[in-house]
Amino acid sequence: MKNTALDTKRGRFDPGRFNYILVPLAAGAAALFVGGLVLLALGANPIEAYIGMAQGAFGSPNAIADSLVKAVPLLLVGVGICIAYRGGMINIGGEGQIVMGALATTAVVLAFPFLPGLVLIPLALVAGLVGGGFWGGIAGFLKARFKVNEVLSTVMLNAIAVQFMTFLLNGALMDPSSVDNTIRIPQTLRFPPWADLPRLVPTRLHFGVLLAIFAAVVVYFLLWRTSVGYRIRAVGFNMVASKYAGIPVNRYQILAITLSGALAGMAGAVEVLGVSHRLFTDGSATGFTGSAGFNGIVAALFGGLHPLGVIPASFLFGALLTGANSLQRTVQVPGAFVTTLDGLVVIFVVASQIWAKRRATQRVLAETTPRPATPTAVTPDVTP
Amino acid sequence: MLEQLLAPAVIIGVLASGIQLATPYLYASIGEMFSQVSGVLNLGLEGVMLVAAFAAYYITWTTGNYYYALAIATLVGGLMGLLTAFISVTLKAEQGISGIGIYLFGLGLSDLLFLVMVGTPKAIDGVPRLEIPGLSDLPVLGPVLFSQNLLVYGAFACVPLAWFILNKTTLGLKIRAVGQTPEAADSLGISVSQVRYITVTLAGAMAGIAGASLSIALLNIFQQNLTSGLGFIAVALVYFGGWRPFRIMAGALLFSMVNALQLWIQTLGIGLPSDIAGMLPYVLTIVALIFAARQIVTQPTALTKPFERGE
Amino acid sequence: APVAAPPPATSAPAAQPTAAPAAEQFRVAVVMPSAANDLAFSQSMVDALNRLQSEMGKDKFDFVYSENMFVVGDAAAAIRDYATKGYNLVIAHGSQYGAPLQEIAPDFPDTAFAWGTAVDTFEDKGIKNVFAYTVASDQGGYVEGVMAAKLSKSKVLGALGPIPAGDGQLTIRGFEAGALATDPAIKVQTTYTNSFSDVALMSQAAQTQIASGADVLTGTSQSVVGAVSVIKDKNALWFGNQSDQSSLAPGNVVASQVYDWTFALKDMMSQINAGTRGGEVFIMTFANGGLVMQFNDGYALPADIKTLAEQTIAGLKDGSIKTGIE
Amino acid sequence: MPIETVELRNVSKRFPGVLANDQVNFDVHAGEIHALLGENGAGKSTLMKILYAMYRPTEGEIFINGKLAELRSPADALANGIGMIHQHFQLVPGFTVVENVALGLKSSRGPLTDLDVVTKRVQELATQYGLSVEPNALVWQLAVGQQQRVEIIKALYRDASLLILDEPTAVLTPQEVKEFFDILRRLRDAGNALIFISHKLYEVMAISDRVTVLRDGRVVGRVKTADTNQKELARMMVGRDVITRWDKPPAQQGPVVLKIEHLSAANDKGITAVRDFSLEVRAGEILGIAGVSGNGQRELAEAIAGMRRATAGTIWVDNQNVTNQSPAQVSASGVAFVPEERMTMGVVREFTVAENAILETHAYPPLANRGVFDFGQINDHCTRLVREYDVKTPSLDTPVKSLSGGNIQKLILARELDRAPRLLLAAQPTRGVDIGATEYIHKRLIEQRANGTAVLLISEDLEEVRALSDRIAVMYEGQIVGIVSPDSKMEDLGLMMAGIKGNDANPSTC
């Protein structure tokens, strides 16, 4: 019997597990191949198209910046999904939580525009966390108290959040100059420039990228190195045993989805402060969120539901989305192709997980359960 | 305000709209129910509905024959269901995510096909109304209940049929067993995959009909993202109904009628901001869930869990 | 925000490419929120560009577009990319694109940008290369309201929109004003579905309107295609907006208020060729030809009503009639 | 065609990293009960799952009535007359008995169910073999013993003439076991072949005709039951002598640690399961609670542990009122709990050995400082626990679900006892555990007693209760029928468990 040090299971993301990287890449390539056939049918040259796509994602500093900026909300939401998932909750409510986070941030910035940036930005980010966390917490509360399935309640809460945003942007929060003119654009004032997240390099790349990566590391630390994270995971795996062990199960379930919502809310905050500098609506959530609430789930899954795994996953996914959009410009294929391609990539990658997992479990089993020829620990003598 | 809403015209109007809006939900939700009861969450309904809605629209537009259109939509839906089954049952993929993939794929593909094959929205002549002799002449309720198109009747007919299949047939017994305790079913020689292939494909086919009911019976048009979230609500309704057909129907009707009611509130000029009125159906659904959730006794405990025989 | 300057009288002739003798191709890029074939807002821009292209020839005028850019972040990337690629004019065709445009435009001083529907060129922020364009859709709505009031037998009209904002809301307010000006006893019922895309809900909104007595309706956004089929089914009347919607229900669409952006586009082109890249707000009106009332030949509009409509248009043109919406 | 003989020849099964069966030969005939013995993880279930075609063997063949059989799935096995009753029942809890039986059968009405026909046949089988069960009851509402009957009926209904019974008695009470053995004998006498797996040697001695012993996946012995005894079987399994009888030093009784006064609690269905229950347990004694399952033992334990609301009454631990406190508070008062179902209540299966070892202590120094783990300390702590309690695990990072039941139980015991509790609640501590591990667990419980811990032992294994307890409280319908000495006669205890008052039965009370 060997009692190794407690080192391989602290949730460390093991990059040595090649399959978790190679298999999705191969699946992505297969999806692009099928997409290429569609391109051919549309009369476009797939090779040219994909070169354009790569350029759109990585071809210039701006392109790279766009890919990274696109990845930020995916990463934040995705990391939140990891927490919820580890706590046994499926959070479909990212869209609504992003919206509520952005609304809270917006409200703070508009209420205290006179504060200096160093105070205003942190305050606004915290507001985002609170807004999103509150919205996620509702689903948690409904589940803990009334056993309302969180998949269902979060779907409903998404719709409610969007209506609420539209309501505010058509009234209380609307840009005063827009209220006066006839066209009435449903958006707020542009925030004061000192509320903008600092730019990192002269591109759209903003400080939010660092925040998101930092959040991923913090969550990793939380989940695997603290007792709170341990409890969240225990509750997620086995509520009964957790309860026997004295863990207040309801509280940790609510906490898990609240934290998850808070991170989505932070994504909303980072989007308004770093990208749009104002809140606006087109009557749906997507116009503002870019479906990050859903795409973040996909990124989380590609990242193996591990906060550190979500970092590369969301950057790749962000690059894919950015590149696919530029595809429309380079070869003028209809915008619908982009959506189709996204769908294909998601399907192929998720369907390929079986191969990644299969190899990995075989390895883990082979490593950790060598059958002892004879039990080596001798039962001590017993005094009858 | 309340008197305004209690006027007979409003009540009948809400009922009529509710019945019509409920139609696509019913097809999609009942199909989804079979899938979920067997243990597979089929989140991609929306994408299936879109592709099938386009297929039905296109066939009707080119041939004018909506029986063909319906058959093709069912087929297209069934094929997409088969694909879903392959992904979630055979490849054991995470069901929520593959559902999102199917949705995006369907959303894009239907739009692409529409663009290439049709161009801009063009109205078509859809499935005509079918007056039920005698009943449709009833005062007040006649026009609401018995003067609808065939697909509306079909949707409501699905409900008792689904109940019957689930509760009175050997297939239904297998479906329920596979969703609750796949190991037990497996140990009795029932092929878990086979049953799940059947239900997931069925869910696809029904989503196909749901899509067709939109494009060739209710709206008689196709437009990018025609379903606009309807497929996701349909999935939610299955949970809402606690996997029981009649409760699902009640949920679909409730949701549709509250939606219709909020339109009436606005139309009548009752001073409720449209955005607030628009929240009503969702808020009400949550409230209803609070009460409904407590009563759920049998649920497919194996839902979203791919079956593996421990080997 | 600067109030829109009245559009200059310089119109069509000056925009001829003769102004740019180099015979270089003028290249336009458009970023728009919905599909190019939406029979509504986005399509109105694509139609205008197509018209320009067939007028001028592809060698003189070419355009590309990015559709479905409902995600503003994606739109921003597209705008920047087009600017980098040296298009003469980059159009941000959506009022939600203001914030990114304000950031991108200063980086590309040699590129002209246009933003609509909006009334802000950011000139007060020192940005010199952004045009803004908007549409006085209240005017079209007003004319439609006048006709609707005359055509309605029930004296109840219905107006449908996605959210109470933008040009849609303006149209509806104009519609109401026109109807009430024609017949003070008329009732206009308004419904917003809170979604640009929910066709099914829009169709139910139309049903509800008709069930509550409306017999003539209008509406905006791409989702109204759902309403029009209800109109056809119930044999009511419809006034289209943004694009010509006659094809949806040839027997029921009376007329459509069509946004014709060619006027603004031509003007922008000539200014760009002359070296000015922004600073002006264009408002499409009946007077400058940016708004056109497209009567549907398939619908037998009584001559007196058509005359009344034309008189109203003329009145709006010369300013003798005002919609009353400020 | 009924089964005459079934033979497994040179069957091996390799799992990743484990050779679970190694060239096993095994056979069974009509009219015999063949017992299969072995420690946890010896490969018994694997072998049987191969026979039932749930697993494909890595190598080897199966012969039925002398002919090579190609079994691809349980359906094939069933078609060949092989039925299997798993330790974890393969029943659909939300179905009625009849629905469970009808599942997967051809219906006489084609696509429609024919539950009435099935009901009739079920009743026939029930009378024929003495398997009384209510056909229309929902399975989750049935007691385990009844559920097991449903499993047997399922197999018989499908004309199984070879029945594989994998640890069928682990969850049964002595009374149920007795009835069950009657059923098995009837089945054997009717010409069926039976394979019986159990960790309890006296059961094997009582019911089987032949015994095969597996160790580390290999057959280490095969004997006629009549030619052997428990001691020999134990030695074959474990490779040494095993202690089943304990000579305890006399109890050094201390003050009252657990005091229960007029406690009442309801079960999951809302019916009162513990009623007006009073009991005292002193430091340094083991008080055993005996009783037929379903008489409120489970609810009693849960109420003490804070997992279930007490509807009336008071629970004192060390003169501290812990009634309706949270499990965490109860645990902080010095109560350790070894719950009845280790896999669902005792451990988080997916967690590692180390993570499970700190399930209760993880939040406190020295393991965590201000909520942040100190992995060095955790590692030392867990290493010590694993060593001290002889948990056989490849590493601390091994997921607990891949340990054997006995080792999981040792891990739980380690975790609970290491906190030096004042009161130890041990519910079914050796259920499904092999004799080696059972011996070890018993030793630890006695050690606790010597250390002055109050031990409340709840067990349906009367042998175990009698071997360990200083006093035995017999529980019936939520109340104590009587408290007797462990030397009381088996029959007397049995009567009391059936609700007949101690005085009437006249055992030696204490």
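Letters A, B, C and D mark the chains as written, and numbering starts fresh at 1 in each.
We take it that a contact is a pair of C-beta atoms (placed from the backbone, for glycine too) under 8 Å apart; a residue touches a chain by one contact, two chains touch by 3 or more.
Keep in mind that this is a model prediction, so the values were computed, not measured.
Set against the C-alpha centre of subunit D, every other chain centre is closer than that of C. Contact count check for B-D and A-C (C-beta pairs in contact): higher for A-C.
Subunit D has its Cα centroid 46 Å from the Cα centroid of subunit B. Subunit C and subunit D have Cα centroids lying 76 Å from one another. Subunit B and subunit C have CA centres that are 36 Å apart. Across the assembly, subunit A contributes 163, 166, 170, 334-336, 338-339 as residues in contact with two or more other chains.
Taken residue by residue, subunit C touches two or more other chains at 35, 68, 163-164, 194-195, 197, whereas all remaining positions touch fewer.
Working note: touching chain pairs come out as A-B, A-C, A-D, B-C, B-D. Within the complex, the subunit A residues that touch subunit B are 38, 42, 90, 92, 142, 146-149, 151-153, 155-157, 159-160, 163-164, 166-167, 170-171, 294, 297-298, 301, 334-347, 350-354. Looking at the complex, you find that subunit B touches subunit A at residues 47, 87, 91-94, 96-98, 100-109, 111-112, 115-116, 224, 229, 232-233, 236, 239-240, 273, 275-276, 278-279, 282-283, 285-286, 289-290, 293-294. Within the complex, the subunit A residues that touch subunit C are 56, 60, 62, 66, 69-70, 163, 166, 169-170, 177, 181-187, 190, 204, 271, 275-278, 280-284, 286-291, 321-322, 325-326, 328-329, 332, 334-336, 338-339. Considering their complex, residues 1, 29, 33, 35-36, 64-74, 76-78, 80-82, 84, 94-96, 98-100, 102, 117-120, 134, 136, 138, 162-167, 169-170, 194-197, 325-326 of subunit C touch subunit A. On the side of subunit D, the complex with subunit B involves touching residues 52, 54-56, 73-76, 78-79, 84, 86, 89-95, 99-100, 102-105, 107, 111-113, 154.
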